[in-house]
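Dumping the structure here so I can ask a few things about it.
Chains: A, B, C, D, E, F and G, in written order; residue numbering restarts at 1 for each.
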Amino acid sequence: MVFVKRIVLDVLKPHQPNALEFSSSIAKAGSDYRVHLTVIEVDERTETLQIEVVGNAIDFEAVQSTISDMGGSLHSIDEVEVQSETDAG
Amino acid sequence: MVFVKRIVLDVLKPHQPNALEFSSSIAKAGSDYRVHLTVIEVDERTETLQIEVVGNAIDFEAVQSTISDMGGSLHSIDEVEVQSETDAG
Amino acid sequence: MVFVKRIVLDVLKPHQPNALEFSSSIAKAGSDYRVHLTVIEVDERTETLQIEVVGNAIDFEAVQSTISDMGGSLHSIDEVEVQSETDAG
Amino acid sequence: MVFVKRIVLDVLKPHQPNALEFSSSIAKAGSDYRVHLTVIEVDERTETLQIEVVGNAIDFEAVQSTISDMGGSLHSIDEVEVQSETDAG
Amino acid sequence: MVFVKRIVLDVLKPHQPNALEFSSSIAKAGSDYRVHLTVIEVDERTETLQIEVVGNAIDFEAVQSTISDMGGSLHSIDEVEVQSETDAG
Amino acid sequence: MVFVKRIVLDVLKPHQPNALEFSSSIAKAGSDYRVHLTVIEVDERTETLQIEVVGNAIDFEAVQSTISDMGGSLHSIDEVEVQSETDAG
Amino acid sequence: MVFVKRIVLDVLKPHQPNALEFSSSIAKAGSDYRVHLTVIEVDERTETLQIEVVGNAIDFEAVQSTISDMGGSLHSIDEVEVQSETDAG
């Protein structure tokens, strides 16, 4: 099977919810996610974020809908790391 | 549950209390916080600081009110790292 | 015998399938592949990718046909690491 | 309790006492201090120093009065690292 | 005795054989060679490569004739690491 | 007690004795000194050196007189690292 | 005693013997020398090399005469590392 181990996303969000709530909600989408959010640019109404999610088996669709639910919009996927593993591995 | 493991804040403070007292007060807000304060710019009446707090479960609101209590103002959250952990983990 | 341990490829792909599906398909071509996809440039209809595949014995032709099957085109091989190993090794 | 683990100071000193005597005196203010003095600029009558003190529980006031006693003047605190520790820790 | 442990070569090759076949052939010249090929520049008919070979006792002449046999030409030796070892070592 | 663990010196020397003899003489001033001499600039009659001495308890005056004895002149102390240690440590 | 542990030399050599033969001959001057030769510049008749020799007790004069014997000329000693060791050490 192939598991997603790491994704780096370019995301635009309104000022609220703040960076802490935003990253926490994404982390809640999985049981072992580590989310590293960096604010790249602050504009009058929005913030551009780089969001890195690391985990053993990231559910990309769950991450994506969490971002939409909080009013964010996914601009692009910048990096992906996936790993093919045999079942015994 | 989701725990905040690291935050990087952009903070403005008056010259008093000094950087040492400022960082110590923030550290007192938790039982295992490591606070790394860097003075970025010194102006006539204020100092711009980068404050990194690392801990196992950072209470952001406690950090934020400590900053306000000392006359500082939180300009922005620059980075956040959060971790989702199962209870057994 | 000589085994391919790592290849770095310069690839052009249409926007669909997205970076996640693209890298997962390549990873499925082997039982232990780690695929690290980085989006280098986004144009109107295409994306330029750097794709690094790491594994113990990479089957380059399988990687290459997976890329073609998804509508991608291999522009160049940028790096290769191979290892000669004796059978007992 | 909160302990000061590392401070970086910007200090001006006359040419005498020299950098070796200056840093040794600061180290004597504690039982485990490591002092790393770097001469940043040499002027006709003074030298600008960066002084980093690392220890388990730095006594900032003792460091500060040692600097004054040797004719130095503390221009600014550039960095501070503090750690909150429970008594059992 | 003196053993060659690492060489870095500047090599020009035609487009065929490709980088994968080229590096694999060089690796076959020894029983433990690790070959790291990087494409530096692609021209109309040729490619400039940096080829690093790492091994316990590299046979430079074997590497050199493999390069010639595939139509490549060795422009220069850029780096060499050799080690003198006593027999017991 | 306070021990000098590392000093970085800016030194001018005539071409003779050469860098090897110069650094060896400084190392002889102690029983465990490691001396790392780097030639920064070569002029018609002199060479500017950076000399780093590392040891458990460097005797600065011995280093200084060795430099003078060989015709060198100490331009400045660029860095000092000292450590306060309790007798039991 | 003082032992030379590492020297970095700036050397000019004719094109023949090549970099591989040149470094191997230097390595043969000792029983444990590691020689790292980097070609810095290639001119019509000569090559400028940086040669780093690492060993437990480098015999500088043996290195120097090996260089001369192969038609090379030592332009300068760029770095030296020496270590003072007690006999028991």
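Assume a residue touches a chain if its C-beta (ideal position, glycine included) is under 8 Å from a C-beta of that chain, and two chains touch if they have at least 3 such contacts.
Bear in mind that the values here come from a model prediction, so they are computed numbers and not experimental data.
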Under the document's definition of touching, what chains do chain B and chain C have as common neighbours? A
Count the smallest number of chain-to-chain hops linking chain A with chain D, moving only between touching chains. 2
Using only Cα atoms, superpose chain D on chain G and state the rotation angle in degrees, rounded to the nearest 5. 105
Report the inter-chain centroid distance for chain C and chain D in whole angstrom, where each centroid is the mean of the CA atoms. 53
Whole-Å gap between the CA centroids of chain C and chain G: 42
What residues in chain A touch two or more of the other chains? none
Please report the chains around the ring in sequence, anchored at chain B, with chain D in second place. B, D, F, G, E, C, A
Which chain B residues qualify as touching chain D in the complex? 18-20, 23-24, 27-39, 42
Which chain F residues qualify as touching chain D in the complex? 2, 4-5, 7, 60, 76-86, 89
